[in-house]
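Naming follows writing order (A, B, C and D), and every chain is counted from residue 1.
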Amino acid sequence: MSVIKIGNVEIGGNRVIVAAGPCAIESEEQALTIAKSVQKSGALIFRGGAYKPRTKRSSFQGLGEKGLEILETVKRETGLLVITEVMDPRDVEKIYRFTDFFQIGSRSFQNFPLLIEVGKTNKPIMVKRGMGAKLDIYLSAVEYITAEGNEKVILCERGINALETYSKNTLDVNAIMALKTLSTFPVFGDPSHGTGRNDMVGRAAKACLVVGADGLLIEVHNNPSEALCDGDQALTLRQFDELMTELKELAQTKAIGRSI
Amino acid sequence: MSVIKIGNVEIGGNRVIVAAGPCAIESEEQALTIAKSVQKSGALIFRGGAYKPRTKRSSFQGLGEKGLEILETVKRETGLLVITEVMDPRDVEKIYRFTDFFQIGSRSFQNFPLLIEVGKTNKPIMVKRGMGAKLDIYLSAVEYITAEGNEKVILCERGINALETYSKNTLDVNAIMALKTLSTFPVFGDPSHGTGRNDMVGRAAKACLVVGADGLLIEVHNNPSEALCDGDQALTLRQFDELMTELKELAQTKAIGRSI
Amino acid sequence: MSVIKIGNVEIGGNRVIVAAGPCAIESEEQALTIAKSVQKSGALIFRGGAYKPRTKRSSFQGLGEKGLEILETVKRETGLLVITEVMDPRDVEKIYRFTDFFQIGSRSFQNFPLLIEVGKTNKPIMVKRGMGAKLDIYLSAVEYITAEGNEKVILCERGINALETYSKNTLDVNAIMALKTLSTFPVFGDPSHGTGRNDMVGRAAKACLVVGADGLLIEVHNNPSEALCDGDQALTLRQFDELMTELKELAQTKAIGRSI
Amino acid sequence: MSVIKIGNVEIGGNRVIVAAGPCAIESEEQALTIAKSVQKSGALIFRGGAYKPRTKRSSFQGLGEKGLEILETVKRETGLLVITEVMDPRDVEKIYRFTDFFQIGSRSFQNFPLLIEVGKTNKPIMVKRGMGAKLDIYLSAVEYITAEGNEKVILCERGINALETYSKNTLDVNAIMALKTLSTFPVFGDPSHGTGRNDMVGRAAKACLVVGADGLLIEVHNNPSEALCDGDQALTLRQFDELMTELKELAQTKAIGRSI
């Protein structure tokens, strides 16, 4: 099992690491409000998108560089680690200066030039599983990163396309278990994308925890109904706080034997 | 929420009901050994197949009537409730005399003559979701039962066909959550078929529990490596016992708030 | 390659056999009108459902025995061969007296008691592929028939569940090609269920033909907009006639080298 | 219906356009041999990859710039139009100088920075459908191109991930029909990737033709067993020539009414 240490955070160890924050960074005030709140609830990493890969061209595409600067403010003011997505190999150098982790989205999991470019850096990289990716294909893709010498890969199950008529995607908890066996990388679960529904996120987070996820990536918003991106799946600050209490209790059972 | 009472067992109430036993009844000794053990561990229902729907004609097809008689012996000697699968409308009357619950397998979920026939009885019926069934199709199928006047339907998520390269099926925990909202029937999870792998069953069972399943259907065998059916996914008696201890602990957390 | 001879019709030979008719038999007049018309256009087999497996209990379930009698009338008045679906093993004996072929629907492809029961007869059996059935699973299912001594199996690709947002199913032409290699049975294509849309059926039928289907199963109705079942995918009598002209032309090219 | 004219080739008109060539350009000799042969057989466009997106990092990744120079030689010596894939937005300018069409591979169909970059050019762009892309998602992706002002989009169905146990992908002929209705762009079919098997490519090409494809993208190699990429699905020069004869015959039937 590889453990990725960054600051005083260890990913892949006994402690389950929670990364939380909005789908997209919308303003400094929004980001700071959310960051301070999730930090108080126990999140160790702030997530927030500056460059957003959106299905539709007409959807909000993120604040771009302005978003990165806000990320830096969050980092400075809270001391949280930060993670943000990179979609374009030309942005790697710029984003490198602002983030602790690169996030590769599911639509980019086979964007090989991008994987090579982040693979040349020394920062940890969370690669989300493609929505239709079999596990062997997924694991082959991350070899584009490790072949460049960067072994700090974090896997993330975020839901697949299957038979949904109710939720947005199908959270594949089997994949979390399988990836723990098939690879040595830490494995996160993303209950927000895995369900796409506020009323399911909490239970899905618990499912990820009890099957052995090393971390959780959870979307939280101070005002989900006004969110510029994926508001349906965002938890409120209060919901997230309550969820963290529950997750801590579950993690500390003998049955699970971990901390959060 | 409909609650199905049978003897002193309530399905769909606060208590999570565990049904356990072998894929197929192989002998009286095998069945009794397993039944007594899972009962001691906390199972309230004994599961065991007498008529087995097998992908291949050459696979063990179950003991048939002899299996039903063994089921009766188990019931008499242990006091456990029993559940067994019916595949053929011509067998409904016969199986009725031996079982407390009818089980409709995933391959039969749209076997409408069969659904109508069991719907005419007064016994509870667990209908497993088809491996490729969208939830609306699944819920439409059980209307063939309720239209006959039998409302004692129990749903069961047992894994879908998706992108597996490692597990046999993809356990769809989202479906458990969705079915709790879309219907009033109790919802079971089947971590044995949902994963198809001994090393995943326990964690999958926990996942079903924490997302809100009202019951679990778990395959247990006294000698999995010699099982005539699905030995790869059977827990040993000891593994099942340890799992029940863990499930009880998790169920009783404030985060879950149930008993087993 | 097995060839099934019945009357003067050879299935699995050079001639591509077309079975056409309504989803469900609705009345003697409807059935005769359609049968005479499709016969004139070149169909050799009349298809019509008397027992219909419908997703919803509230949908028209077929005329039952009355439908079988109409089928007999069609047979007598036109001389066409007839095919109709059997869903229930208890109906095999009764339907046997009226039909030339048994049809096993996709929802029943793993209804093993039913497969065994028709396998005991000496009539040809068309088994439709399950909507989510991998080819090896499909071919294993038909062994339940051949194990009973009936080798007169006809396979039929009728569309799978995949990524449709427009058509009802996804016609899998690769399956037609693969089944011709993996088995010795004649292989039909069902462009009606394979697309679910009147405007696609003709082109889909051509696709089945050019990839090597030995026969086509096509839904035709004298008044699709009033059909009691699957009117969206039914061709009108005139559309069917025009399609047959086109199919004959294509079949006779050197590129295809068959007749219809 | 939009028609894209380039030189004397019209894409989206009555004539079905065939693009043929190797998966990857391996050498000048290989490329010229294949190009001259497919041209003689009736192909109007030469396809050949210089930058190859390969599942595995250890697979041949293409000749890169050297491949582009070979492409230029092919163009000069044969007069054929050429198409080649672009994977990286940083390569758009370079590849622009060598190619007549940009090809966006299925793994890149939601590579939005790449789509925007090619959208800024004035060259036609073939965007292959993602292997798991529903049609509305696919059509939303190409809006990233048209929003930049480039309307010269060509769609291409190349097989989806479904239930294959025999072929590599599942050719979705319904998608070709649907895309002709849902959009105004020309639609190609790719029988090579759609099947992944030499013995199926020809029949699959015919299926694409008869359902209405405006063009075909076919992999051809002078020595498939030695190909550095996807040799299993490459036609030999002779197979391609024979196929073109058959396709021409089929296209000219009244039933199809097109030329090649």
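Here is the rule we go by: a contact is a pair of C-beta atoms (placed from the backbone, for glycine too) under 8 Å apart; a residue touches a chain by one contact, two chains touch by 3 or more.
These numbers were taken from a predicted model, which means no experiment stands behind them.
Least step count on the touch graph, chain B to chain D: 2.
Relative to chain A, the most remote chain by averaged C-alpha coordinates is C. Two copies of one sequence, chain C and chain D, touch each other mainly through matching residues, since over half of the numbers at the interface are common to both. Centres computed as Cα averages put chain A at a distance of 35 Å from chain B. Taking each chain's centre as the mean of its C-alpha atoms, chain A lies 49 Å from chain C.
The set of chain B residues that touch two or more partner chains comprises 132, 134, 161, 163.
Listed by label, the pairs of touching chains are A-B, A-D, B-C, C-D. The touching residues of chain B, counted against chain A in their complex, run 132-136, 160, 162-167, 169-174, 177-178, 181-182, 194-195, 199-200, 203-204, 206-207, 209-212, 245-247, 249-250, 253-256. Chain contact summary for the complex, chain A toward chain D: residues 53-58, 87-90, 107-108, 110-113, 130-132, 134, 137, 140-141, 143-144, 147, 161.
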